[in-house]
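Listed below are the structures to be examined.
First chain A sits with chain B, and in the next complex the same chain sits with chain C.
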Partner chain A sequence: MRFDKPRTFRQSMKWVHTWTGLPLGWLLFAVYVTGTLSFFHPEITLWMQPESHRAKVAETEETARRAFEALARVAPDAPQWTVSLPGSRSGVAGLAWREATAGQPAGGQQNAVRGEAARRGEGGQGARGEFGERAAGEGVSERGAGGQGDGAAPRRGFGERGMAQGMQARGERGARGAGGRGSEESDAEEAGAAQAGAQTPAASGGGVQGGEGGRGQGMKRATMDPATGELIEPRQTAGGGFLYRFHYRLYGFDRTWGQWIVGAATMVMFIALITGVVIHRTIFRDIFSFRPAKGKRSWMDGHNASSVLSLPFHVVITFSGLLLLGNQLMPSAASSAYPGDERGYFMEMRGMRGGEQQPAARPSGTPAQLADIGPLLAVAQERWPEQGVGSIAVNFPGDARATIELRQARGDGLANRAMGERLLFDGVTGAPLEAPPVADPSGVRATSNVLSAVHLGRFASPLVRWLLFASGVLGSVMVASGLVLWVVSRARDRTADGKIPAGHRFVEVLNVAAVAGLLVAIGAYFWANRLIPAEVAERNLWEIRVFFTVWSLTLLHSLLRRHKQAWIEQLALAGGLLAALPLVNAATGGAHLGVAFYLGQWQVAGFDLCALVCGALLLHAARKVASHVPREKVARSAGRTKKPAAAGGTDEGGDGPVPAVLQTEEA
Partner chain B sequence: MMDFLAFALAFAGFSTIAMGMEGHGRQVFGRVPEEGRRRLLKLAGWVLLLLSLVPALAARGPSIGTVLWLSLLTAAGFIVGLMLSYRPRPLRVVGPALLALAVAVWALAGR
Partner chain C sequence: MSTHHYLTCFADHRPVLNVTLRSALAILGGYGLAALAASAFAVGMPLPRVDAVTLAIMLSFIVYLLAVMWVFATATLLRAAAGLAVGAAVFGAWLWLAPSAAGGAA
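The block that comes next holds the complex of A and B.
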């Protein structure tokens, strides 16, 4: 665009669209792809722990009994047990317990919260389906397992530094109270990060282990086969959690920086969306227009269709993404509305009120038999016929003051973040106790909850999750086709002297590495998960190293190869890696498709099938690029092969991340 | 069932709207339908599209129902777009057939 001439509003917007989109498009593509995968991050983690694949389905009641037996075996003295029952998102039962401490749980006001705060927070949702995460190493464990806001305590695989931080934080806890940050997910997952060490205890609502002279005590976790009651020892893996965290704070950066970078990219995404709508004049008339094999026209159609058809998704996901990062990006909003009382902000965000702390419960010290869980589950089942029970928490098991709390599995209501009800029982007699009421969220909080719940996929129905996944794939296609479009639109500029300007070459190289290279790296990441021996130390870190090493190599590759060759080879490689994943799964101890169907391991089967489909689409795309002949007009004066897609008709279809973007015209 | 009904309505709606457009009408029918007919098709399409919101809300409630509806619109629009590009002719029958099937299943299965 020329700046020395008058220009229309649309032209200006077009300029903004192009030049904000391009530099951040590479990053946005990665965010879109990993974010799309994150809709299924518990399932991905489950797939990455083939040890869990053998688990068979069992009756809820049986599972609960076996879980209690297992817990009584491994943690008889623990002050709290949590059992996450297998659900639609995980085939295994998750056990978690607080370690027994030498001293008795100290009393005092801090302890008073006794999980109440946390229970009311997201943590209370229990882990149904999220438990599988268990990514160790980075010190990260999924929040899930319990009401106690387990983001808090240091856990297994938690480094010493984390420990120290945890202790220190604990000391401060009284003052900080329910700190943490707006996006609870991140809190919980940060447990390993030093910084988080200082923040998360807050979320624990004063962690049960609170007063023990600062000795860090954490949640221990185990995975149980619901059918046999045997404890499974899944391998250490970075799991879906790595992809999930990458999509909002990248990797290797300080958490704040990562979130700032992604936050800035998200804002740019929002700008690109708005300007995109402005410059797309015939938004309704062309909504279905896709004219294949028409060069730039086709790329433009594909870019438009993938944007417009899922425009509501793009707007909501971008806006809610900003909202989730909002507290990080604009901290003064909270600090000016709650001067000097950061805690009040977070409490209100989570629907808690500061004064709601209850007196600490203490064990009586008198041993007593735990009530039978069967009748209690029956009561819950009657009360929640649709959702059923998601998780069970037992306080002071084996003590006369034991309580059993049943938590509803996640439902579909978004305004309360699908938070369920709870039923509280006396742990010895089985008599119902008064459960803490679930307050209706305020209008503001409900709005915020709806947006974040959609973004985080916090609801039960798999259909909606799959549809959102598909929209995410379309979004990835949108970003990738936009990147390609930049090159395609300029194909003619360069044919004059047959040389490719350095700037164009730069964009071409980065396009290949950012789009096809990322998919290769993701494929390699899953392969690494299975090929690195299960007992290697820091396994999870090795998986991540493989991911980034392969991604760097694809950049090198696209630098060294001609543009078209680079696309073909990387697409084919990515397709091959992904399509072969079901075989790798079968060969390395996972439940292959037959077994997965037989055992009802839908999460594993879904992963395999999805990988197969995506791989096939990428291979198809590679074939299309390879067989593509640039159109006469473009090829005429070209000394070198043009961007293969230059004359390509895209088929904006396809549901593999990206694939279709690169499809070129039918020969 | 209600999900399928919502999808069928959305699909029928989008394909009807497309048939009411000049270019796409030619793709589907082989010739451009006359002005009055096109207007009617478009109107019918929009009505179907709005109707598809009803089963989604009825089955899923306001919050997730809306999310479901919007993402079903995306899916339906996407498939209609693909068919227009590669197999436009069958669109004449696929929309109504899908809708009839969905209504039948819904009526038989009893909501």
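The block that comes next holds the complex of A and C.
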């Protein structure tokens, strides 16, 4: 198609679809795959720390008591404790506490903890994994930033509030004095991180970890076996957090740059999606159309079916992805409405209007026994029979002014960012206190919250989470099949003279490395997690190095091998690596499937089973490619131009228009 | 849809230049229009400021999408550019006429 010739609207859109999809398709596939895995990143991290697999299930009440005992043992003087209870996303309990440090302005700090964390801690809770992962990976993956200390603290780790990240960081740093470390951001963030601790035991050696690398200063974390109360010492790992962070800001770039690149790719995805819808007149029929072993037609069907089957998911995930980066991508909105005061926007956006903060709470200094947690948990259980309690925060444990806050495990109101409810109790008498009210979000904010909550899988029960995962897999298939389709569609251009144009070869090489190669690299990443000795320094960095080294090697391999061979070998390798993961898990100290089922470690069992299934599918794909005879060859021997159209026509008469149009356009 | 009704320029007849210019118009012009639209929406919508900004960001991505589609769908480069210019004029005028947002912030 040429723009200097008359053309139809759909032809134009077809061109846009093809040429926006291709250049960033390779990146989009990586974003889609790692993003899909991110729906389970706390579970992935758990799998990657086999030391945590031995934990046994225990009663919530017992777990909470043991956690308090453990905290009283290791952090008797801490002004705040947080216990993340084991739940559907983790089998271990996470403990976190704020270190008692004389140098810090305790008042401001506690104020922030109460005012902000209390109000928005649920956000953190919903986003547990994110925060925790950050705690885990951040210190290492951004070691260089560690020295920035306070100034940089607000910049990292807002998890779900990622929407604000880039600009926020600047605004905060500009607005706060050098010592302004009692900031809402970092404190709320840490409260969130504290809750996250359990889900994703902070990844550094030792049962008790400080937040290294300048992040989470003052917060210490530990992982506890809920059944015994023993502190577990998980290995250092980049965990699911690496994949999670990669999917929205890549790796090795400055965060801002990474987010710009992913943001541009997301916008391209949005354009490709909508133009893809525009060029299809048979959306509904595409759901049911898959005609295998018909060459380009099959790829077209596969591309259409994977797109259309979960089209709402793709549109929502893409658009919400844009919104999550929106403040960075479209800074003009905030800077126009808040000239010179973007920070005011971010404050308001989070419901923190000026002067709303509560007065600082201070410990009384009078020691007092902490109330028994049992009855409080019973109250919460009665109130939230389905979700249960996700985490417990104690302020001033052992003081007469102690408070205990119970947080719902998972919110069920999407519009409120799926914020869970909270119950606040007097920490000594156990009497219920009035929790700070949570304002109902406005219509616009609710819409935005719903979108981001879906993107982050915030609300998701395990079933919904698996559906999101499946949609993500379909999305990955959509992108991959689109990339392959580009090559397949142009097969005829080159079979005429038997030579492969350089551009086609370029796309072929990158297709293999970006699709199969990425899967090989992910498989290798998990293998590295188990094969690198647990004591190695900077283990997590080695895991990441293995990932990128293997990925580069797949590019090299794809460059050296014939196209089809490259596909077969890399798909087989990826399939083999993934399918063997349950064995690797069993052989390297993890809970193998039998044990995992027996102990109720569903997260670990789910990982193993998922790896097995994905591996088997990839092996199957490799076999299919190996046994595939290009349709064009068959067609050509029988008369080159006529055959495909005729085959399509006899196959399903009514479906003529789509391929016919596509074929004419390609010519 | 025949071209001779339209005003064409020399670049319209050079396929490579045509695509290059359209791409530039779509990527840069589209972003510029979207950013301007974001400003106009953020300031000009009768909503609380914070909501206006959030909605403005949402809408601006849709403006970007439509701008890209427009640039590639129209018959000639001049029309593509003119469409963006009209959009920019509308949003610019809205931004100009909207009550100043500075009052609240300052």
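Simple rule for what comes next: the second predicted complex is superposed on the first by the 513 of 667 C-alpha atoms of A that agree within 3 Å, B and C clash if a C-alpha of one lies under 4 Å from a C-alpha of the other, contacts with A are read in each partner's own complex, and residues count from 1 in each chain.
Quick note on the criterion: a contact is a pair of C-beta atoms (placed from the backbone, for glycine too) under 8 Å apart; a residue touches a chain by one contact, two chains touch by 3 or more.
Since this is a predicted model, take the numbers as computed values, not measurements.
Superposition note: with chain A as the common reference, chain B and chain C can be accommodated side by side. Of the two partner chains placed by superposition, only chain B is touched by A:Pro292; chain C is not.
Once chain A of one complex is fitted onto chain A of the other, the partner contacts of A:Pro312 are limited to chain B, with no touch recorded for chain C. In the superposition on chain A, contact of A:Phe459 is made with chain B only, not with chain C.
Comparing chain B with chain C, more residues of chain A are touched by C. By the touch criterion stated above, A:Val450 is placed in contact with chain B alone, chain C being left untouched. In the superposition on chain A, A:Ala470 contacts chain B only, with no contact to chain C. In the composite built from the two structures, the nearest CA pair linking chain B and chain C is 19 Å apart. For chain B in complex with chain A, the touching residues are 3, 14, 18, 21, 23-24, 60-61, 63-64, 67-68, 70-75, 77-78, 80-82, 84-86. On chain A, the positions that touch chain B within their shared complex are 285, 287-292, 305, 309-310, 312-313, 412-415, 450, 453-454, 459, 461, 463-464, 467-468, 470-471, 474, 651-653.
Chain C makes touch with chain A in their complex at residues 1-3, 12-15, 18-19, 22, 34-36, 38-43, 47-58, 60-61, 64-65, 68-69, 72-73, 75, 95, 101-102, 105-106.
Residue ranges on chain A touching chain C, taken from their complex, read 2-4, 6-9, 12-13, 15-16, 267, 270-271, 274-275, 278, 319, 322-323, 326-327, 329-330, 332-341, 344-345, 348-349, 442-445, 447-448.
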